[in-house]
Every structure is written in structure tokens, then in C-alpha cells.
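Just below sit the structures, each encoded as C-alpha cells.
Shared chain: chain A. Partners: chain B in the first complex, chain C in the second.
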Partner chain A sequence: MLVAVLSGFGLSLAAPWAVRVGRLRGWLFALLPLLLTLYFLSFTPAVMTGEAITASYNWVPSLGIQLSFYLDGLSWLFALLVSGTGIFIFIYAGAYMADEPLIGRFYAYILIFMASMLGLVLADNLLTLFIFWELTSFSSYLLIGFKHKDEAARKAALQALLITSGGGLALMAGLILLGLAGNSFEISALVAGECLTEHPFYVPTLLLILAGAFTKSAQVPFHFWLPGAMTAPSPVSAYLHSATMVKAGIYLLARFTPILGGTALWHLLLPAVGGLTMLVGAYLSLRQVDLKRILAYSTISSLGALVFLLGLDIPLAAQAAIVFLIVHSMYKGALFLIAGILEHETGTRDVTALGGLARIMPLVALAAGFAALSMAGIPPFFGFVSKELLYETTLGLQDNAILFTTLAVIANMMMVAVAVLVFVRPFTGQLVETPQQPHAVPLGLWLGPLALGLGSLAAGLVLAQVGAILIAPAVSAVVARPTAVKLALWHGVNPMLILSILTVLGGLVVYRYRHSYRRISNRLDMGRQWGPAKWYEFGLEAMLSLGRLQTRVLQHGYLRIYLLTINLVFFVLVGLTLVTKHDFAGQLPSTDLRVHEAVIAAIIAVAMIVVLFARSRLAAVVSLGVVGYGIALIFVFFGAPDLAMTQFAIETLTVILMVLILYRLPPFATFSSRGQRIRDAVIALSVGALITTLVLVSTTVTQPTLLTSYFAENSVPAAKGRNIVNVILVDFRGLDTLGEITVLGIAALGVYALLRLRTPSQRKVDLTATVETELVAEQDKSKEVEAM
Partner chain B sequence: MTIVLAFLVGGLYAGGLYMMMRRSIVKLIMGLILLSYATTLLIFTVGGLTRAAPPIVPAGVSEPPVPFADPVPQALILTAIVISFGVLAFAVVLIEQTHRSVGTDDSNNLRGIEGEL
Partner chain C sequence: MKPAEKDNTIPSLILLTATRYLVPVLLLFSLFLLTRGHNEPGGGFVGGLVAGAAFALYGIAHTVHDARRLLRFPPRVLIGIGLLVAVGSGLFSLFYRRPFMTGIWSVVEVPVIGKVGTPGIFDIGVFITVLGMVLQIVFELMEE
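Then we have the complex of A and B:
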């Protein structure tokens, strides 16, 4: 199973080369989802008996992260959805983007997506699930921004990424809480384990996980990223943003229903958010004229319906949700692909600018018709069954049955109107002049939508088998007990049938009056001023401003203020630690002092004071030299001849360097005020005093060291050297010295480069100088000539 | 002597830091030099002082006669001296170049282009 999940990532790496096969590349890539579909289909008998297939691989054992997979009815259904739709999407994309130069990149991204999505729905470990979840957001970002030269696409991609990965962060926190509460990070163990709904972590866990699911599945108020994502190429819209990725949130909710579901909070939040999303999506959908935006909003509405269903407190709801999930993936995927075909062929996606295309692309029109009929819920299409189930569920509720049924009927009427709109406008009536001359559609393009459309019809015709094979195992997984599913087209005349008929009629009425609807809703429009998209923009802008402000305050660019801050922090933190943690009872070092040492120390101190107060640069440089030589003498007194020699040599070089270079710089100037000088002096003295204290304290503590005796014992026998310091440098710690030499070499290179660097003004001076010398040379020559 | 050196190190740190907090970049360099002296001396003092007994093994024996000065801080200081000279040389040349191209000695005027963040 690991191979099945990871194969997409593998092929993704090869995609940039694999696209070289030419026109047939779509068919080639479709082989992978085809194989995956067959692979998952091979589990059918096992899944039908309610058996779960598991596979586990060690990933990060030290952190308890297992790459574990769990295939039950629910994940099997989603895996089939992902790989099955993938076949048609991949074929379609090959024809749709035939002339796209970056097609290799496209396939690489979409393969990453497919693999991540499979990993997501098959994952058993919570952290594995989270990683695949984030990978889908990430690949979605790349795919939305695929037309990266288009600013709108980049913006939409970023928006989608920020919102879904913001929710992803919440989800991660929720998953970790869930793992801690349930004492396991394996979903299968959590489902089988004890009930968590009474656990003190329950409410935060639920809220955080819902935040992740709602952002991913574009629930109000996070819905606005989905229409923005329509800047992606059509195959992406069909695959990610209607059939699979946006369903990840739904999958998550369904998956966690046995663990987190069934509480009052669950039954409150899900129907509320889902119901609102269902209405808002439907309301906004019919206002659009851009075909893809119409579909995007209707997708939001459908996702809302799914969340709504999963939250209803009735066993039938899970069944209705799973059926609707499949129905929606088929018809919406087909419609998105058809929208792509229309744009590809005519150059526009505006429904009001299209018409009569059925004559030019009959097969596409047929597919659109099937999909629209399923969407509108007309028998014998699969959509009809789904709608009946929806009504049966809401009518069966104990509380709020009337309210929820009304909501569902209103939303569905709008969907009927949308279905009529997306089929009737582009395909029937007079042929309308379009920016591009449409012509016959190639096989690669119409195959996908037609297959999905036919699927919608076929599923409605073999209902019993679909119910037993596809639906029942998934529903059993959601409700966590074996459940039989019996689907039928005809139940006799019952309330559901009447509601269905009402819905269709109502939808036709809405369609008839769609212009007045658009006018009125535009007048009532508040979304543009106050909608969540505005909040997002505001939040983003506020975050950037905060970043700029913080940069201005912290990164002000004054070196001495940085130093001041560092010194203060050092003083306060170290000083506090010293005072609070150390007891000053230790023995002070001996006061044994020889006269010549005292004299040297005094000379150093005086020389330093001269440096501080010198008016002339030469005095300062000379005094610095005195300090350095004084330190070298201290080295001599205390048994460090090597240090003394080095210090003498370096000191001489430093003085020479300073004299040479500093004389090119202006004389000392006093820039700061008296107050600033006093402030700096106080801070510098405090740090100095602290260091003195630290030195005194550290000499009272004697820590026996093994290093010294080791070096002393081994210097002669092991390294054949009698000067231990030298032996350490060139032998025991030889690599350090090599590093040191490298540092010096780099510094020397830098110095050389800086000295060679000529500023523009200097270059001009040099140039005039050369010209002048040349002139002089010319004159000399002419003089010579005259002399001859 | 340790006590004297402790005060000397503290004084050198104070002096070096004070000079580094000046606006004049020449003073900044001098502060940097003082700071490297201070650090050298700090390691030396903290490592323990032993008079006139360099860590050298006399001919004929395989270990130095006890007591001998600790070679470990000496090795560290040797590295420190050389590296700080490298840093110093680079800083001096950098500042000289900066002064030549910008024409100021005041680090307040070296803040890059206005509004460039």
C-alpha cells in the first residue's frame, strides 16, 4: 500500500521527462490512476465483508510516528474517487493543455496532489494524516498559481494557501490533543478505544479539528478562497476544487464521526455552519455569470450540504451524505471539465455570451445534459436518489425537521436553477458569436465529462449494487457498525417525492426570474464591503504592517544602539543569574603580587585611559600599542612564551596597519552629546564590573580538567613534540588550526578585494589622471620631434 | 596578580565597549581592538596563572615538571589573537573603503538608502 501511495510522488519526479512523449502524454499519465483504481478495486470483496486492511511502516519511531495505512469502506471509497476521477482528469489535461510549454511541471504538481490525497484518505496515523493534509494544500497552491505570470492567479493561490494552511495549523493542534486524550495516534485505535466526548480536551479538540475541516472544505466564513481558486486550469478545478481536495474536510468529519461525533456541540455546529454555507453558496452561485464561478459557488453549497448532513442527529444522515458525496463528485467534476472545454473552444466562460453549442459539440452537450439532470435531481439519475435521501433525512429529524427541510428545499431549488443555467444557456438556442470559432472537440476532452455523466446515469440504474458495494461499507465506517443500505428510485408517492417535484418546479421558476434575482441581490449586496474576503485582506494588510513596524523598531540600523541593547541584556541577565544563583562564600585568589607585574598592569591601565581620551589619532594608536605590548609582557611573566611572541608580532602589525590606514581617515570628532556619553559610560562600566566579578568568581571555583594532563602526558610520546602548546595547535587540534588558516585566508581575500575596489568618483579621477599623463607624453614626443 | 588582572580585564571591557558605542567609526575600530585584548586576557586569567613555568617538556623526560602553565587556554588564545587580527584587518579596510565612498565618519550616516527595508 505504501507503494500505491508513493507511486504518485515517484512519477511526479519523472514527469518533466515523461511529457516528452508528445500528444499521447495524457493517456500515458492516466495509466497510473488506472492501475491504482484496479489495485483498490481488488480490495472490493474484503471491504464488502467489513474487513479493514492495514499496513504499517516505521517512519520516525523515536517520535511515535508510523507511516500506517488503514483501508476500510470510507477510505476505500475516497481512494477510488481520487484514483478513478484521476484517470479522466489526466487524459483530459493532456488534451486541454496540449500546447502548454510547462506541461511537465503541471503533471508533476498534479501527481503530487494525487499521491498526497491518497495518503490523506488512507492514513491511519494522525500525524501522517496531517502531513498528507498539508501536502494537498501545498500542491493546491502550486496548481492554483500555475499561470504564475498572472497576478490574480498568484494572489488567489496565496489566499487559498494561507486559509487552508491556517486551518491546517489548527488541525495539527487538534490532532495532537486528540492523540493525547485518546492515548494513541492511530485512528483505528481511537475508534476502538474509550469514548472521548467526556474528556476535558474534547471541546478544544473538536473546535480545532473543525477549524481545519471547515477551511479546507470552504465553509462560511472561509468559503471565499474557492471561487478565487478558479484561476487554476480547468482540470485542476474539476479535480481538486470540486471532486477531491475540498472533500478532504468532509472525509475528516466522516472519519472522526465515531470518535468525536454524537454530542450536542457536534449536532449544533455542523448543521449550523453547513446549513449556512449551503444557503450562502446557493445564493451567490446564481448571481455569477462566469461559468466556473457559478460552479464554484454551487460547490460551496454542496460542501455545506455535506457538512450539514454529517451533523444531523439521525442514522440515515451518514448514508445521505455518502450518496451525495459520490453524486456530487461525478456531476460537478463533469461540469467543471465541460466549462473548461467551452473556454478552450470559444475563449469565454461568460454564460450570457454562449449559446447553441450543442450543434457543434453534441457529445459534450450530452455529457452536460446528463450532469445537469443529475444535479437537478431528475430520475433516473443518481442525483435524484441523493435528493430523496436528503429530504428523508431532514424529515426524519426529531427537532427542527420543518426548518431543516425548508433550508434543504430552498438550496436545492437554487441548484436546479443553476443546473438549468449551465446546460441551457451554452448549449441550446441560437449559436452566439464567440471570441474564438468553436470546432469539434477531440476525444481526450469529451471522454472525461461523458464518462462521468454516463456514470451519473448508470449509478441511478444499478442502484442496488451501488448501494451494497460502494455505499454500505463507507456508511458502516462512518457510523462504526455494519449497516445495510437499500437504495431505490421508486418509493411510491411519499412526502419526499412531492418535495422533489416541488424543488424542480421551484428551480424552474427561479431560473425564469434569474435576471430580476440578479438585480435584486446586487442591490442588497453587502458581501463586497463587509464580507469575509474583506476581513482576509484587512488581516493580511495588518500583519504586513505589524511586520514593517516591528522591523522599524528592532532593525533600526544604528550599530551602537544594537551594542547598547546587547550589553544591557547581557548585564541584566547574567547579573541577575549571578546574584540569585551564586553564593559568594568562596575563597578569593591569593593576593601575591610582584612589583614588576603591578607596574605593567598600571601601564596598561594608563595607556587604555589615554586611548579613551586622546584627541589625536597617533596618540591613541600608540597607546593601543602600549596596551598590546603590556599584555605580551604579562604572557612572558606567566609562562606563555608562544603567546608573547605572537602578541608582539601581531601588535607590531596592528600598529603599522592602523598608522597606514587611519591617516587616510578624518581626525577624531565628537558626535554624541554629553548625556549620551555618560549613558554609554555607565553601561560600559557596569558590564566591565560584571566581567571583573565573573573573573573573580570563576577563579574561586577550581574545576579539575582532564585535558591538561592528557596533553602533558601525550605530547612527547604520541606527538613527538616538546612544546605542548604547539603540539596542541598543529597536532591534537590540527583541524582547528586549518580552519583558522582558512579564516585568515578569507579575510585576506576580502581585504584585497576591498582595496582593489574603486568607487565611481575615484574612477573618474584615475581616468583624468591617465588622460593627463598621456597628453604630457604626447607633448614630450612632439618636443622631441621639434628638437630633431 | 589574579585580582589585579580581573580588574584590568573589566577595565578593558568597559573601555572597549564604550569606544564601540561611539558614532565615529575610527573609535569603533579602536574599541574593537581593546575588546580583543580584553578577551585574550580574560581567557588567560580564568585559565589560571602559573609564574615562569611554560608548558614545555625538557629534553630527556616525557612529561613537563609540575607545576607548569596550563597549555589549553594558551592554545585557545593563540587562535584568538590571530583571528582577531584577521577581523581587525578586514574591518579597518572596510571602514577605510566606506569612508572613501561615502565620505563620512559618522555611523549615523551609514544607514543605507532611506526607506529601504
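Then we have the complex of A and C:
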């Protein structure tokens, strides 16, 4: 199972090369989701018997983090959804983006997404789940911003990232609390474990996890990122922002229903937020004219309906939610792909500017018709079943049955109107002049929508099998006990059927009067001024202002003041600690100064004084070099050849760098006043004195240092090297070194950017400081190692 | 003392002659430092610095353009290669089901170098990164 999850990441690495196969690349990439679908299908018998397949790998054994996977009915259904729709999306993208030069990058991103989504729904460990959760947010960011030269796309991508990863942070806190409360980080253990709803952590855990789920699944008031995300290419909208990723929040809620569900708070929050989202999404959806925005808002409404259902206090709700989840993924995925085709062929997504396209693209029209019929809930389409179930659920409630049913009917009427709108406007009536001349649609484009549309029909025709194979295991996982599912199209004349008929009729009326609707709602519009999107913008602006303010105060760009600040803080903190925590009773070591040591010390001191009173920059540089070489010599005397060698090399390079920039600097002059110099001298001397004291004090302390002996003993047997310093650098603390060379690389790129970005008149800024700081930092590490 | 960045400046004959002998020696020395690092003083960091100094010297004696040609790879790319080598050496242990960056050593001894292991490869990565970083900065400043 690990291989199945990671295969997407693997192929993602190869994607930039794999796209070179040319026109057929979409089909090539679709092989992976196809294989994954077959792989997951092979578990069908096991899943149907209610068996859960687990796989566990040691990931971070020292922290007890397992890379563990758990395949039961729910995760199996989601995994099939992810890999199954993936097939059509990948084929479609190959045709949709045939002329895109960055197609390799696109496939790399979307493969990362697919793999992380699979990891998310299969994860058993809470931390594993969280990591995959964040990866989906991250790949969504990359995909929304795929047209990175478009400012709107960048903004939308950032917005989506900030909202979902903000929720992700809450989720992380929630998951950790959950793990602590349940005393296990494995979901399967938590489900089987004792009830947590009475635990003191319950309320914060629930709220935090809901924050994560609601942001991801675009619930009010976090819904506004989803319409923004429509700047992404259409396959992305279809895949991430309707079929799979936005369902991650739903998955999470369904997954945690047995652990956290069933309380009054759960039954209050979920229906409230979900119901509100359902209405707001439906209301906003019909106001749009951009096809993808219409679909985006209706997706919000559907996500709201799912959250709403999961929160209802009736066993049937889980079944209604799972059925609707599948229904929605199929018809909405198809409609998004069709919106992409229309834009691709005609150059516009404005429904009022399209018409009569059924004649030019009959197969696409057929697919759109199927999807729209399923969305409107017309028998024998699968959508009909789901709507019946929804009404049956709300009618069966003990409290608020009338209220919730009315809510559901209103939202569904709007959906019917939307379904009519997205099919009737573009495909029927007179052919309308469009920015591009539409022509026949290639196979790669129409295959996906048609397959999904046909799926909506087929599922409605083989209901019994769908119910038993797909739905029942997932429902059983949500309610945590085996549940039989019986689906049927015809139940006789009952309240649900009457409501369904009412819904369709109502939807047609809404469609008929959509222009007045749009006019009135535009007049009533408050959302643009006071809506959550405004809060987001305000919050972002406030954060940036704060950032600018603190940058102005702290990052002023004057090296001398940085040094002043750092040294002062160091002096105060270390000095205070030393005075308060240390008793100066220890015996200073006897000093047997040898002649050559004294000579070196004298040379260093003299060179230092020369630096201070130097009249030219060259003299100062050379004298500083003398100081450096002097220190290197001391290293040699005290048995630290590695350090000495590094010091020599760095001094040499520093001199080279200094010389390179020397003649470009302004004439050597004194800029500081006498007072400033005295202040600097005082601080420098104080810090120097402090360091001296510190070193002397540290020699009086005779603590047994375990590290030195450990490294000395283990260097040869464990790391096969006699040079302890090097062994520490490349083996014992290799990870530190890896981090540091990364920093070095970034610093070098930073210097490059600074030098290249400046205008020629600015090219006299001193850069050596930056460079040297880096080198010194690296060297300090060696010193620290050596000192042990 | 100005770097010989323009073609019309006449490079010092002494410098040119010295460079001809010094650069190969320095480069060899840097490799020597790299390979002996695990057991004797030396290592990838200092080796990379020495190699960087060698190329910088060449650039001062001739031109940056020549030095870049001698190096073949743009320094930026070297930084990337070095990091990849370092990370790759760490990933190697995953094949043995050990945590990231566990040292894996060859069983047989290679003449002159001794045993070969992933920490050595890691050190090579450090060497390449440091070389790239030094030259990235030095070349860029020389071309100013």
C-alpha cells in the first residue's frame, strides 16, 4: 500500500521528462490512476465483508510516528474516487493543455496532489494524515497558481493556501489533542477505544478539527477561497475543487464521526454551518454568469449539504451523505470538465454569451445533459436517489424536521435551476457568435465528461449493486457498525416523491425568473462590502502592515546597528546569567605561557590596534587578515588542525573578496562622531571582557562531558573515521551540516540576486559583510565541535 | 590591485606563470583534503574552499570568463548538484531500511582511499556546494 501511495510522488519526479512523449501524454499519465483503481478494486471482496486492511511502516521510530495505512469501506470509497476520477482528469488534461509549454510541471503538481490525497484518505496515523492533508493544500496552491504570470491566479492561490493552511494549523492542534485524549495516534485504535466525548479535551478538540474541516471544505464563512480557486485550469477545478480535495473535510468529519460525533455540540454545529453554507452557496450560485463560478458556488452548496447531513442525529444521514458524495463527484466533475471544454473551444465562460452548441459538440452536450439531469435529481439518474434520501433523512428527524426539510428543498430548487442553466443556456437555442470559432471536440476532451455522465445514469440503473458494494461498506465505517443499504428508484407515492416533484417544479420557476432574481439579489448585495472576503483582505493587509512596521524598526539595514543590538543583547543576557547563576569560586588553571604563544598573542593585539587606527581600507583588511592568521596559528598550537586549516582558507578568501570590492567602495572616511565611537568602544570592550571572563570561568568548571568521550570512543567503531571533527560533521551531526550547506547555498543565491537586481548606481553597497557572516557561521560550528 | 576583468588590461606575467603551476596543485590538494578528511585533518568544507580559491586565482590571473569555462558548470548549478549529492547520500540508507543519513559502508576496501561509505559521499556533496557557493559570489563580484 505504501508503494501505491508513493507511486504518484515517484511519477511526479519523472513527469517533466515523461511529457516528451507528445500528444499521447495524457493517456500515458492516466495509466497510473488506472493501475491504482484496479489495485483498489482488488480489495472489493475484503471490503464488502467489512474487513479492514492495514499496513504499517516505521517512519520516525524515535518519535513513535508510524506511516500506517488503513483501508476500510470509507477510505476505500474515497481512494476509488481519487484514482477513478484521476484517470479521466489526466486524459482530459493531456488534450486540454496540449499546447501548454509547462505541461510537465502541471502533471508533476497534479500527481503530487493525487498521491497526497490518497495518503490522506488511507492514513491511519493522525500525524500521517495531517502531513498528507497539508500536502494537498500545498499542491492545490501550486495548481491554482499554475498560470503564475497572472496576478489574479497568484492572489487566488495565496488566498486558498492561507485559508486552508490556517485551518490546517487548527487541525494539527486538534489532532494532537485528540491523540493525547485518546492515548493513541492511530485512528483505528481511537475508534475501537473508549468514548472521548466526556473527556475534558473534547470541546477544544472538536472545535479545532472542525476548523480544519470547514476551511478545507469551503464552509461559510471560509467559502470564498473556492470561487477564487477557479482561476486554476479546468481539470484542476474538476479534480481538486469539486471531486476530491474539497471533500477532504467531509472525509475527516465522516472518519471522526464514530470518535467525536453523537454529542449535542456535534449535532448543533454541523447542521448549522452546513445548512447555512448550503443556502448561501445556492443563493450566490444563481447570481453568477461565469460558468465556472456558478459551478463553484453550487459546489459550496453541495459541500454544505454534506456537512449538514453528517451532523444530523439520525442513522440514515450517513447513508444519504455517502450517496450524495458519489453523486456530486460524478456530475460536478463532469460539469467542470464541460465548462473547460466550452472555454477551450469558444474562448468564453459567460453563460449568457453561449448558445446552440449542441449542434457542434453533440457528445459534450449529451454528457452535460446527463450531468445536469443527475444534478436536478430526475429519475432514473443517481441524483434522484440521493435527493430522495436527503428528504427521507430530514423528514425522519425528531426535532426541526420541518425546518430542515424546508432548507433542503429551497437549496435543491436552486440546484435544479443551476442545472437547467448550465445545460440549457450553452447548448440549446440559436448558435451565438463567440470569441473563438468552436469546432469538433477531440476524444480526450469529451471522454471524461461523458464517462462521468454515463456513470451518473448507470449508477441509477444498477442501484442494488451500487448500494451493496460501494455505499454499504462506507456507511458501516462512518457509523462504526455493519449496516445494510437498500437503494431503490421507486418507493411508491410518498412524501419524498412529492417533495422531489415540488423541487423540480420550483427549480424551473426559479430558472424562469432568474433575471429578476439576479437583479433583486444584486440590489440587496451586502457581501461585497461586508462579506468574509473583505475580512480576509483586511486581515491580510493588517498583517502586512505589521510586517512592514517591524521590518522598519528591526531590519533597518545598518550593519553597525545590527552589530550593536546583537552585542548589547548578548552582553546583557549572558552577563546577567553569569553573575546570578555562577559562583566565582573555582580555581583558575595555572598559566604556563610559552614564548611562541606570547608572540602570537602580541601579534594579534598589535594587528588589532592597527585595524582600529588604520588610515586606509587596504591596511585595515591586511591587518584583519593578520589577526585571522594569528588565531589560526593558535588553533594549530592547541591541536585543532582542522579548524586552523578552515580558518586559513577563509582568511584567504576573505582577502580575495575584500580586494574585489575594495576599489568600488566610496573613499575611506570617518562617518561616525566622537561620541558614537566612544559608545562603540565601550560596548566592544565590555563584550570582549565578558567573553574573556566566560572562557576563564568555563575552564574552572570541571563537569564530566559525556559528549567528548562518546565521540572519541565511537568515532572509529561506529563511523569508521579517525578524524573526530570530520566524523561529527558528516556523520554524527550530518543533518546539521546538511542544513548548513543548504543555508550556504541560499546565501550564495541571495548574493547573486542582490548583485543582479540592483541598479548600477546602487552597486556600491558593501556585500562582504553578508558573505563573511555566512562563512563565520560555518566556521563557528567547527569551533563548537572542536571545543567538545 | 584590480582584478583583470577587462580584456585590455595586461595580466601580470608573474601571476600568470604562477597560476599555471599553482592551480593544478591547489586543485589536487583540495581533492587530497577531501579524501583524507575522514581520518586525518581535512574534509569537504575546507577542500571546497581551497578548490574555490584555485578557481578564483585563475579568474584573477586570466578573466572570469576563462575561469567559468575552466569550471564548465555554472556555480549555481554546482550548489544544486552538491545539495543533491548530500541528500542522496542520506537517502541511500533508506534502501537498507535504516533512518535517513545512517552511514552505509562498503565491505571491501578501495586502494588508497580505504573504505567507501555514504558519509564520504556526503562530504563530496559538501565540497561541491562550498565550491559552488564561493565561486558564485567571487565570480559575480569580479564581473561587476
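What we mean here is this: the second predicted complex is superposed on the first by the 554 of 788 C-alpha atoms of A that agree within 3 Å, B and C clash if a C-alpha of one lies under 4 Å from a C-alpha of the other, contacts with A are read in each partner's own complex, and residues count from 1 in each chain.
In this text, a contact is a pair of C-beta atoms (placed from the backbone, for glycine too) under 8 Å apart; a residue touches a chain by one contact, two chains touch by 3 or more.
Predicted model, so just to flag it, every value in this text is computed and none were measured.
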{"item": "Superposed model, chain A: greater residue contact from chain B or chain C", "value": "B"}
{"item": "Partner chain in contact with A:359 - chain B first, chain C second, else both or neither", "value": "neither"}
{"item": "Contacts of A:597 with chain B and chain C, given as first, second, both or neither", "value": "first"}
{"item": "Partner chain(s) touched by A:519 [first = chain B, second = chain C, both, neither]", "value": "neither"}
{"item": "Chain B versus chain C as contact partner of A:656, first or second or both or neither", "value": "second"}
{"item": "Partner chain in contact with A:719 - chain B first, chain C second, else both or neither", "value": "second"}
{"item": "First, second, both or neither for A:683, with chain B first and chain C second", "value": "first"}
{"item": "Touching partner for A:491 - first (chain B), second (chain C), both, neither", "value": "neither"}
{"item": "Chain B versus chain C as contact partner of A:23, first or second or both or neither", "value": "neither"}
{"item": "Touched partner set for A:731, first chain B, second chain C, both or neither", "value": "second"}
{"item": "Touching both chain B and chain C, residues of chain A", "value": "641-642, 646, 650, 653, 657, 661, 664, 722-723, 725, 729, 737, 744, 747-748, 751, 755"}
{"item": "Residues of chain A defined as touching chain C within the complex", "value": "60-62, 641-642, 645-646, 649-650, 652-653, 656-657, 659-661, 663-664, 719-723, 725-727, 729-731, 734-735, 737-738, 741-742, 744-745, 747-749, 751-752, 755-756, 763, 767, 771, 778, 782"}
{"item": "List of chain A residues in touch with chain B within their complex", "value": "548, 551-552, 555, 557-560, 563-564, 567, 588-594, 597-598, 601, 604-605, 608-609, 611-612, 617, 620, 624, 627-628, 631, 634-635, 637-643, 646-647, 650, 653-654, 657-658, 661-662, 664-666, 668-672, 680-681, 683-685, 687-693, 695-696, 698-699, 705, 707-708, 711-713, 715-717, 722-725, 728-729, 733, 736-737, 740, 743-744, 747-748, 750-751, 754-755, 757, 759, 761-762"}
{"item": "Contact set on chain B toward chain A in their complex", "value": "1-15, 17-30, 33-34, 37-38, 40-42, 44-46, 48-59, 61-64, 68-72, 74-75, 77-79, 81-83, 85-90, 92-97, 99-101, 105-108, 111-112, 117"}
{"item": "Chain C residues within the chain A interface of the complex", "value": "1-3, 33, 37-46, 49-50, 52-53, 56, 60, 75-76, 79-80, 82-83, 86-87, 90, 99-101, 103, 105, 115, 117, 119-120, 122-123, 125-126, 129-130, 132-134, 136-138, 140-142, 144"}
